[in-house]
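What follows is one structure encoded as C-alpha cells, with my remarks underneath.
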Amino acid sequence: MTHTRTIQLNPVGWMSQLSQAEIELLAQHNDSERYQLFRICCLAVLNSGIDQDDMYALLNANQQFDVHLVRRERGVKIELINPPSHAFVEGKLIKGVHEHLFSVLRDLLYMENKYLLSSAECFAEGGVCTDMVFDMLRHANCLTTNEQLNTVVCWGGHSIREHEYKYTKEVGYQLGLREFNICTGCGPGAMKGPMKGAAIGHAKQRVKSGRFIGITEPSIIAAEPPNAIVNELIIMPDIEKRLEAFVRFGHAIVIFPGGVGTAEELLYLLGIMLHDSNVQQHIPIVLTGPAQSAEYFTVIDDFIGQTLGAKAQALYTIIVDDASAVGSYLYKQKAKVSAYRKAIGDSYGFNWALKIDADFQQPFIPNHESMAQLSLSFEQPSHQLAANLRRAFSGIVAGNIKAQSAADIQAKGPYILHGDERLAPLLDTLLKSFVEQGRMKLPGSVYTPCFQVTAP
Amino acid sequence: MTHTRTIQLNPVGWMSQLSQAEIELLAQHNDSERYQLFRICCLAVLNSGIDQDDMYALLNANQQFDVHLVRRERGVKIELINPPSHAFVEGKLIKGVHEHLFSVLRDLLYMENKYLLSSAECFAEGGVCTDMVFDMLRHANCLTTNEQLNTVVCWGGHSIREHEYKYTKEVGYQLGLREFNICTGCGPGAMKGPMKGAAIGHAKQRVKSGRFIGITEPSIIAAEPPNAIVNELIIMPDIEKRLEAFVRFGHAIVIFPGGVGTAEELLYLLGIMLHDSNVQQHIPIVLTGPAQSAEYFTVIDDFIGQTLGAKAQALYTIIVDDASAVGSYLYKQKAKVSAYRKAIGDSYGFNWALKIDADFQQPFIPNHESMAQLSLSFEQPSHQLAANLRRAFSGIVAGNIKAQSAADIQAKGPYILHGDERLAPLLDTLLKSFVEQGRMKLPGSVYTPCFQVTAP
Amino acid sequence: MTHTRTIQLNPVGWMSQLSQAEIELLAQHNDSERYQLFRICCLAVLNSGIDQDDMYALLNANQQFDVHLVRRERGVKIELINPPSHAFVEGKLIKGVHEHLFSVLRDLLYMENKYLLSSAECFAEGGVCTDMVFDMLRHANCLTTNEQLNTVVCWGGHSIREHEYKYTKEVGYQLGLREFNICTGCGPGAMKGPMKGAAIGHAKQRVKSGRFIGITEPSIIAAEPPNAIVNELIIMPDIEKRLEAFVRFGHAIVIFPGGVGTAEELLYLLGIMLHDSNVQQHIPIVLTGPAQSAEYFTVIDDFIGQTLGAKAQALYTIIVDDASAVGSYLYKQKAKVSAYRKAIGDSYGFNWALKIDADFQQPFIPNHESMAQLSLSFEQPSHQLAANLRRAFSGIVAGNIKAQSAADIQAKGPYILHGDERLAPLLDTLLKSFVEQGRMKLPGSVYTPCFQVTAP
Amino acid sequence: MTHTRTIQLNPVGWMSQLSQAEIELLAQHNDSERYQLFRICCLAVLNSGIDQDDMYALLNANQQFDVHLVRRERGVKIELINPPSHAFVEGKLIKGVHEHLFSVLRDLLYMENKYLLSSAECFAEGGVCTDMVFDMLRHANCLTTNEQLNTVVCWGGHSIREHEYKYTKEVGYQLGLREFNICTGCGPGAMKGPMKGAAIGHAKQRVKSGRFIGITEPSIIAAEPPNAIVNELIIMPDIEKRLEAFVRFGHAIVIFPGGVGTAEELLYLLGIMLHDSNVQQHIPIVLTGPAQSAEYFTVIDDFIGQTLGAKAQALYTIIVDDASAVGSYLYKQKAKVSAYRKAIGDSYGFNWALKIDADFQQPFIPNHESMAQLSLSFEQPSHQLAANLRRAFSGIVAGNIKAQSAADIQAKGPYILHGDERLAPLLDTLLKSFVEQGRMKLPGSVYTPCFQVTAP
C-alpha cells in the first residue's frame, strides 16, 4: 500500500474568491468530463520543467494523483493528492507552479460559466469568437499591462537542437535588454529559451515587472507543460482561439526553427496578413536562427515565394545568426506599430482591427477525408491558399503526434494530399526537406511519413 | 448661446479595457433607458461633496450635461460635455470623482451584460440573488482585501445635526485608530462623518490602504451623491441587493441617529438575525450617538423591546456619547467574529452562511394598497413581524421623499397602516417621537405626516 | 509601590541598524546630558496629540518614565518604561508615534556623531551651517521626495482660537486638493490644522504619499509635541537651523495668525528676502486668516510698511477669508518657482542659492542687557533693521514663556527696548495691539507685559 | 580628430542629493589622485560584462574617456565623455550600469568624507575597522534587507573552464529556487555564474526582490568589472575590509574551484573560524565543483588536513557534482544560523560577534623580504599558521598578476618561501598541483612559477 501525500495550497490572485456556484462546477465527480480536464491540466502544470512530450507517460505515472477544491476562511484552496515530487523544493511547491494551478482554475471556470449561461455555438462565429478571446485575456488580467507595445510572440519547435536552443536564449537576452516581454506557447525548446534569455536581460535593465506569458490549450498542455518562468499562464479553449490570441495580443512575432507545426503557424499568420482588409496592418515578423539552421529558412522562404508570392515574402524579414540585429530591428519597428495603431485609433493592448476570416477561426478536424478534400491549387486567392496549406500542415502535425490520427493512418495508410501540377512538387520538396533535416520527430528516431502528396 | 466644455478622462482600473460589444451597450442613444441611467449616475458622481438631496434640482441645473464613451489607443475614455464645475480643482477633475465615474461604468455594464446573457428574473431568487451580490463585489475587486475582519458598516441619517455629525467623525476617528475600514451608503451626514474621522485615524497609524467603501444604487445616487473620500464605489441594482451587500460584506455594524430610514435598516437587520438559522451568527451591532441624541435610542429600544422582545434587544449594544468605547467594543468583538467564521469554515470576506429569507430579498413596492395590507400584528414569528415593520417604514420613507408616492398621498390622503390593538399605539408613539425630534424632514421645514396608524 | 510597565518597540526605517559605537553614545547614564535630552524628546513624542504647552507639567507627571536601547537580532529596539498611556490604542503604540521615536533617535545620534568627529564650533559658520542643515534633511531621507515644488510651510500660533483653527483646516484642505504637502513646526493649532485639512484633500485626490513634515528642536519639542499626523519628523539642533531648514526646504510659505512668535518668523523671512543677493529669489508668501482675524494682518502690514517700507510689503500677499484663493494663488506660483530654480540651476529640493547672513544664523540670547543694546533705529539697512526687530520679538517670546527669562524679569523688571523717535511708538502700538487681541497668552489668562518700549 | 560623445545621466537612489561640499571633493582636477580613482572605477563599471581581466588594456583603449559631475535641478548628474559603447543598448545606458556608476560615486565620497573629518589611521584598528565596514554597508542601504539569513557568499575563480562555469550556474539555480540571494566579488566566472542561475530560480519562485550583491575594491574593479546582474554594488577601500565585509555580511559561504586566490580566501576564513573566540560561531561552508574538478578539492582538503588538522577540516563540507545537494544543505543550515544568532542576541544582518584578529585586518604587502620572513612552521597556533599561509598565497597572487610584483620577480628571481621540514613539501605539492591543473594562468598560456619553496 502506498502512502498518500496531501498538500493544500493557499489561493493566489483574483480567483481566491469563488462563488458557491463556481465551486460546484468543478467539485469532484470522477466521471465528469470537466473534472477530468481540470485534473489533467493540473497534472501538466505540476510537471513544469520536465522535458517530456508524452502525455500518456505523464498520465500513467500519476494514476494516484487527484485534486480537490476546499473552501476555507480565506478563500478556496486547491488540495493536491499525491502530486509529482519534482514540482517541490524543500517540500514546498514552486511558487510559479502554484500560480499556474490557479490560472488553470480561473480559465476552466471561465469557459464553463460562459458555456452554461449561453449557447456554446455562438462562440464559433466571428465577432463573438474575438470577443471571447478578448474577454479571456482581460479576465486573466493580461491587457492593462499590455500597452507598451513591447510584447514579442516567439514561435518555434519544442524539441530543437542544443545550438538552436542556445540561439533562442541569445535572442531572448537581446529582447530583454530592450525591455521586451516574451509570449510563447509555453513548453520547452523555442518556447522556453527566449524567456530564460530575457530574464537575464531584464535583470540587467532592472525590469522587475518583466512578463513571460504562456498561451496554451487543454489538449496540448500535457504534452508541452508550461515552464515555471512563465508568470502569466492562459489556457484558451482550442487552437484557433489560441492562435487568434497570439496575433491580437502580441506586437511583433519572431519565428525560430521548428517542425511542420511552426510552418503551420507561419502560414496562419501570412494567410491573415494577405487579406485585403489587413493591407495597412503593421506587425513586424522576423524569421531567425543560428548559422547552422539557415537552410531551414531558405527552404521555407522558397516555398512561400513560389506558392504565395513576393507579396507574402515581403511580410517577413529573415535574419540569420545575429541576435542583436533581431533586437534592434524589433526595437525600431515599435514606432511604426504605434503610429499605425494611433492612426486608426485601435487599442495598444489588443489588435481589434486585424481582420481574421472565418476560414481561420473555424476548427479544422483532420482525417483521411478532410485532408483529401483540401483545395491545394493556385486557382484561389493567396490568403485562401494559405488557409488550405495551413490545414494540410495541421493534419500532418496530428498524424505525427495525436493518438487517434496515428491509429487511423496505421489502418488506412498515409493521408493523401491532392495538389495541382505546380503545387504538388513544391509541397513534396518542402516536406521532404523537413524529414531530411530531422524535424519531423524527436532526434534519434526514424520517421515514417504520415502523408503522401499526389499531383493530378 | 452657451459655450460647450468638453473633457476627456483617461481610463483607470480594470475597466480601462472594454470590448466592442460592451461599448455598444452604452453608446449614446438619447432615448435609451440604460443610457439615461448612465448619464444620471455620472452626473450624481460629479456632484460629489455637494450637500443637496434634491435629484430634480440636480437634473434641471445640468440639462446641457452629456457623456460619451470614446475608444482610444490606451483604452476607453469617458468624454464629459458641460460637467458641473465644482468637481474640478484648477481645471482638473478630482481623482476620487474620476475613479467613481469608471466605477459607474463598470457596474452598469456588469448589470447589462448579465441581464443580456440570461433572463433577468432568475436574479430575484434566493441563491441566485446572493450569487449576484457576491459577483458584483468580486467584480469591483472588493473581496480579496476584505479578509481582515475590519470592515465596519455605518448607517444613519444623511441630514443629521451638527453635533451628531461631529460625533460620527469622532467614532470614525476611533475606528480609524484601530485600523478599521468604513463602509456606508455614501452620501453626506452619518455616511461621510465616519470616513473623515477614520482618514485622520489611519494617517496616525500610517495605514495607507484604508478603505472607504460606498454602496449605493442607481435610484438613490443622485439624491445622495458619493463623497470623494469614498475610494471604492459600488452601485448595486436595487435596495434589497444593496442591503444584502452591507450585511454580507461588513464585519460589524454601527447605527447612528437617523430618520425613519435608519429604523428601516435596523429592522431589516434584526429581522434577519432573529431567523432561527442565524442563531449562531456573530455580527456586532452598536447603536450610538452623542449625549443629546440619547432619547432617539431610548425610544427605538423601547419599541423593539415591546414589539420584537428581549431576544431582539440582546442583538445590539447601545453606547451613548463615548466614541472610544465604540472603538474598543468592536475591536474586542473581532476575535469572536473570527472564531465563528472559522468554526463553520465560512469566508472572512463574505458572509455566505447568513440566512436571508425571500421576505427580505423581494422588493416591496409601497402604495396605499400594499401599505394597508401589511400584517402588523403580534400573531406571527418575530422575524416576520420585523419584515413587515421594515416594509411599513420603507413606505413612509417613500411617502416622505419619492415624487410618485408624494403625489399619490396628496391625491388620496395619507397611507393607512392597520395595526392590532397592542401594536398600533406602539407604532404611533414611535413615529410621533420622530416627528417631534424633527427627524422626518430637513431642519427648518414643517412636517405633514404621510401616514396614519389605526387600530382595529 | 507602582507597577512597572515595559514595552519594547521594533525598529523602523533606516535606523533599525545601529553600530556598536552609536548605541554606546546613547546608552543610559542617568547623569549624562545627552541621555537626558533623549529622554525628554521621547517623552514629548509620546505626548503627541495632547494639547498642553507646559514642559514642566509634562516632566513632573512622568518621573517614572525611562527609555533604553536594546540590541536584538533584527536591529536595535527602544524599550519604554512606564510610557504615558494616551499614546496607546488597545495596548499598542500608535504607529505614527512609534516612527517619531526612531526619528528622535536618528537625529540626536546624527548630532552626536558629527560633534564627536569634528569640532562643534565650525557648525556656527555660514557655509558649514547650511551644509549641516542640508545633511540632516538628507539623512532624514526628506530630500529625494522634495522635488515636486509642492511643499508649503505653514507658520502661525499654536494656541489660536476655534474659528482660526477651523480656517487653517480649510486652507489645508484646499492645499491638499492641489496636492501640496504641508511642513510646519509640528505642534497644535496652526501647525496641526493645515495637516488635518490636507489629509482629507489628499484622500479625495488619491494621494497616498502625502507628506506632513514637522521640523522641531529639542528645546521646544516638549512644549509643542508633534501631532501623530506628522509623518516625517526632524529635530534640528537649534532655532536658527530650524528656521533655515524651513526656508530652504519649503517652496512657499503661508502665515496664519499667531502671537509675537509668528511676527518673529515673518521678520526673519523678510529680513532674508530683503538682502540684495536675494532680489531674484522667488518664494511665494501668503498671510491669511478668517474674516474675524483681519485686524491682525492690518496691524502687522502697517507696521511692516512704516518700518521696512513698501519693498518689504511687496514680498507678501494678504488674503482674508478665502481658503480656495490661497490654494489657487500658490498653485499658480509654482511655475514661477520652477522657472527661477531652473534659470539659476538650483536644486528643486533645497534652496541652496538663498543668501542667509550670519546675522540670521548666529543665535541671539535674550537678557536685559542684550535686549537693551538692540539697535532699533532707522539708521541701518532694512534687512538689518529686520534682523534686530526679529531679535526683539524673540526676546519677548522668551520673556513670555521660558522659565529663566521669566524669573529674570520678575527680579529686574521688564526688558527695556530702546527705539528711536519714529520706531518706538510704532513698536509700542504693534505690541499693545497683540496684548489687546489676547495673543500674548493662552485665552483666559491676564497678561503682564514683560517688556517696555522707550524712545530716547 | 575624433567625435566627442557626451551623455548625462540622471541621478538614482539616495545619492541623487549631494551637498556643495561633496561635489567639490570630486570635481575634476585631472591631477588629483581621488579624481583619477573615480575615473577608473567609472570606466570599469562601464566595461561591465566584458570578459577581459587586463586593466591596462582597458585604460589604453579609453584614453578619451572622461567623467564630470554636474549639478542640475533634480540632483547631481554624472556626465560621461566618450564612454565605451558596449554599455549601451539602442543608445541608452544599461540601467544596471547606470546604477553602478552612482554606487561608485556614493562609496568613493563616503571614504573621502570620513578621511577628511578624522584621521585615516584610526580605521586600521580593530573595532574602528569593523565599524567602518558596517557603516559602509549601512550607507549602501544593504543591511535592512539582510535579515532573512539568506545571503550566500560565493567565492571561486574568475577564469574557470566552461564545465565549471556551467556548474556554478546550476548551484546558483538551486540556491535561487530556495530563495537565497547571492553575494560575490562581482567579476566574471564563479562570480557571475551563481547570479545567472539564481536569477532563473528567483523567476520561478516569483522572487522580485532577489539580491545580487557585488563587493569589490578600487584596485581590483578594473580587472574584474561587475556584471550588470549585480544589483547592489559596494566598493570597499581595500582587500582586508572587503573580506571582512563578506564574512560578516553573508550567512553561508560556497567555494567553487579557483586558483591560488581562492585558496587564500579559504585560509582567511579558516584562520578566523579557528580562533578560540569563534568556537561557537555557526557559518556553513561548502566546497563544491563538478565531477571533473573533484581533484582540486581533494588536494586542498589534504593540505588543510595535514597543516591545520581535522579541526579545520570539520569546518567545511565538500560536495562533488550535486548542485541540488548544495542547496539542500544550506537550506537546512539556516535554522542553526538563526539559533546561534538568537542565542547570543547578535544581529541577523551583520555578524558583529565574529572575532577577527588584527592579523587578518592589517594589510600584508608582499615583496621578496616580507615573503621570505613569513613564519611557515608548525610551531604556532593553527589560526596563526592559517594567517601566514594566507599571506604566502596572497603574495603568489600578486606575483602572478600585479605589475610591480612581476617586475620585482623578473629582476630578483622568484619569491622564496621558507617552510619548516614538514610544511615545505606540503606547500610545494599543493602549489605544483595548481600549476598542473592549469589554475595559475588563463588557459592556453605557459606558467613560470613566481615562487620557490625551500625547507631549512
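Labels for the chains are A, B, C and D, by order of writing; each one numbers its residues from 1.
Heads up, the rule we're going with is that a residue touches a chain if its C-beta (ideal position, glycine included) is under 8 Å from a C-beta of that chain, and two chains touch if they have at least 3 such contacts.
Predicted, not measured: the structure shown is a model, and the values here were computed from it.
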Thinking of A-D, which of C-D, B-C or A-B forms a repeat of its interface, with over half the contact pairs identical?
B-C
Take the average of all CA coordinates in subunit A, do the same for subunit B, and state the distance between these two points in whole angstrom.
48
Cα centroid separation between subunit B and subunit C, in whole Å?
45
Whole-Å gap separating subunit A and subunit C, where each centre is the average of the chain's CA atoms
64
Residues of subunit B engaged with two or more neighbouring chains:
none
Let me know each pair of chains that touch one another.
A-B, A-D, B-C, C-D
Which bits of subunit A are touching subunit B when the two form their complex?
14, 16-17, 19-21, 71-75, 117-118, 127, 131, 134-135, 138, 141, 143-144, 147, 341-342, 345-350, 352
Counting only contacts in the complex, subunit A reaches subunit D at residues 49, 89-90, 94-97, 99, 177-178, 196, 199-200, 203-206, 208, 212, 228-229, 231, 327-328, 331
